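Order of writing sets the labels: A, B, C, D and E. Residues in every chain begin at 1.
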Amino acid sequence: MKLVKVIGSVTSTIKDPSLQGFKLLLVQTVGADLKDKQDFFVAVDTIGLGEGEIGLIVTGSTAKYTEITRHKNIDAAIVAKVERIDLENYNLES
Amino acid sequence: MKLVKVIGSVTSTIKDPSLQGFKLLLVQTVGADLKDKQDFFVAVDTIGLGEGEIGLIVTGSTAKYTEITRHKNIDAAIVAKVERIDLENYNLES
Amino acid sequence: MKLVKVIGSVTSTIKDPSLQGFKLLLVQTVGADLKDKQDFFVAVDTIGLGEGEIGLIVTGSTAKYTEITRHKNIDAAIVAKVERIDLENYNLES
Amino acid sequence: MKLVKVIGSVTSTIKDPSLQGFKLLLVQTVGADLKDKQDFFVAVDTIGLGEGEIGLIVTGSTAKYTEITRHKNIDAAIVAKVERIDLENYNLES
Amino acid sequence: MKLVKVIGSVTSTIKDPSLQGFKLLLVQTVGADLKDKQDFFVAVDTIGLGEGEIGLIVTGSTAKYTEITRHKNIDAAIVAKVERIDLENYNLES
């Protein structure tokens, strides 16, 4: 999984039928310090994540393993909200 | 999915039979500000995207999940036109 | 496989059901000199690796091939602890 | 697919049996201006591409979808020769 | 496939059962000039490659397509020894 921050949402009306009904969020990968790393994904939100929140995405064929995305034409899905990261020397409340 | 801008089209007559009949677009990944990131893909257009427009691509085995690309020998497909991106502090009409 | 160092752990209570019960570690890829390379993954720990230790991760669909992660919605798993790396001119005890 | 330029060929006699009989070309990914990007692949040539020519490769499991590479142990295949690229402001004959 | 140089070996006793019995080599991707590119993989050696030698690896699900790695929990395998690379203007004996 990749650690990401939600930075916005994407609206699309002209799209493949299997993308209908999904909420598409624009996310950016972050490192241990939660700073931006400039790697962007548009991911299907399966858990309800808000703007600025930290979560985990799965990519590739794995994105089709959640209940709502099964057999759908997607390759990136948000599968977890991250509430806390514990590093060796300090903790981060995300 | 990856956010991309269409920058051109590709013509190929000598190719694998399973690529016949597809419109191949040259796209470049972009970030939240829609500026170029220099990561290029040649993707099958499944929705009708024009030059300079913003869309979403799926890559890898997922590119075989649209109606027209099923079981085809492709690993990148445009699956959505992006009409609008909402960021925390401002909106972008693409 | 990728060589990684464990740098922390991640807590998530709101998540896809298939992620329940897994220990999620934040790891960073390292090179032959075991120095950090800034590529982060959150991986399911299948063998019991401690903070600061060196291990191997598998990514993508391969992460579903361990006993405990089979058919689960994950794309990164720690599958080995690295005790020793032998390079041409010197050895590293990790 | 990725846009690539053929820069050489690779000879291997000691190899996995499923690689027998394939012509292996060394290719480098290029951008819209056909300049080198330093990302190298060794790809099975399925269409007959010459040195310095521009083509398309598929990577990952998709490389097993051509007639001659089916079920083979390869993850990169050249599937098209690119004869022409049309960009917004000018055309390139490759 | 990716062109790699063998730079060392990795020892692991605590690991997923499906990794038992494999020789794990630390490799680094190289370009046409065989210089290091700093992208490291730990790959299962299926052909017997020595330190400093040049070979080809397959990654991802393709790594499970050799005789000895079938259905195993690995995502990188060395599948060929490279004896010779022919570039447009000169040849390299690896």
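The rule is short, and it goes like this: contacts are C-beta pairs under 8 Å (C-beta built on N, C-alpha and C of every residue); 3 or more make two chains touch, one makes a residue touch a chain.
Here the structure is a predicted model, which means the values were calculated and not measured.
Novice: Once the contact rule is applied, which chains count as partners of both subunit B and subunit D?
Specialist: none
Novice: If you check the contacts of subunit C and subunit E, which chains show up for both?
Specialist: Joint contacts: the list comes back empty.
Novice: With chain centres taken as the means of their Cα atoms, state the distance from subunit B to subunit C in Å.
Specialist: 32
Novice: I'd like to verify one number: the distance from the centre of subunit D to the centre of subunit E, where each centre is the average of its C-alpha atoms, in whole angstrom.
Specialist: 20
Novice: If you look at subunit D, which of its residues touch at least two other chains?
Specialist: Only 60-61 qualify.
Novice: If contacts are counted as defined earlier, which sequence of chains do you get going round the ring from subunit D via subunit E?
Specialist: Here the ring, read from subunit D toward subunit E, comes out as D, E, C, A, B.
Novice: So in the complex, the part of subunit E that touches subunit C is made up of which residues?
Specialist: 7-19, 24, 26, 28, 38, 40-43, 51-52, 60-61, 63-64, 71-76
Novice: Touching residues of subunit A toward subunit C in the complex: what are they?
Specialist: 1-3, 29-32, 37, 46-48, 56, 58-62, 65-67, 79-88
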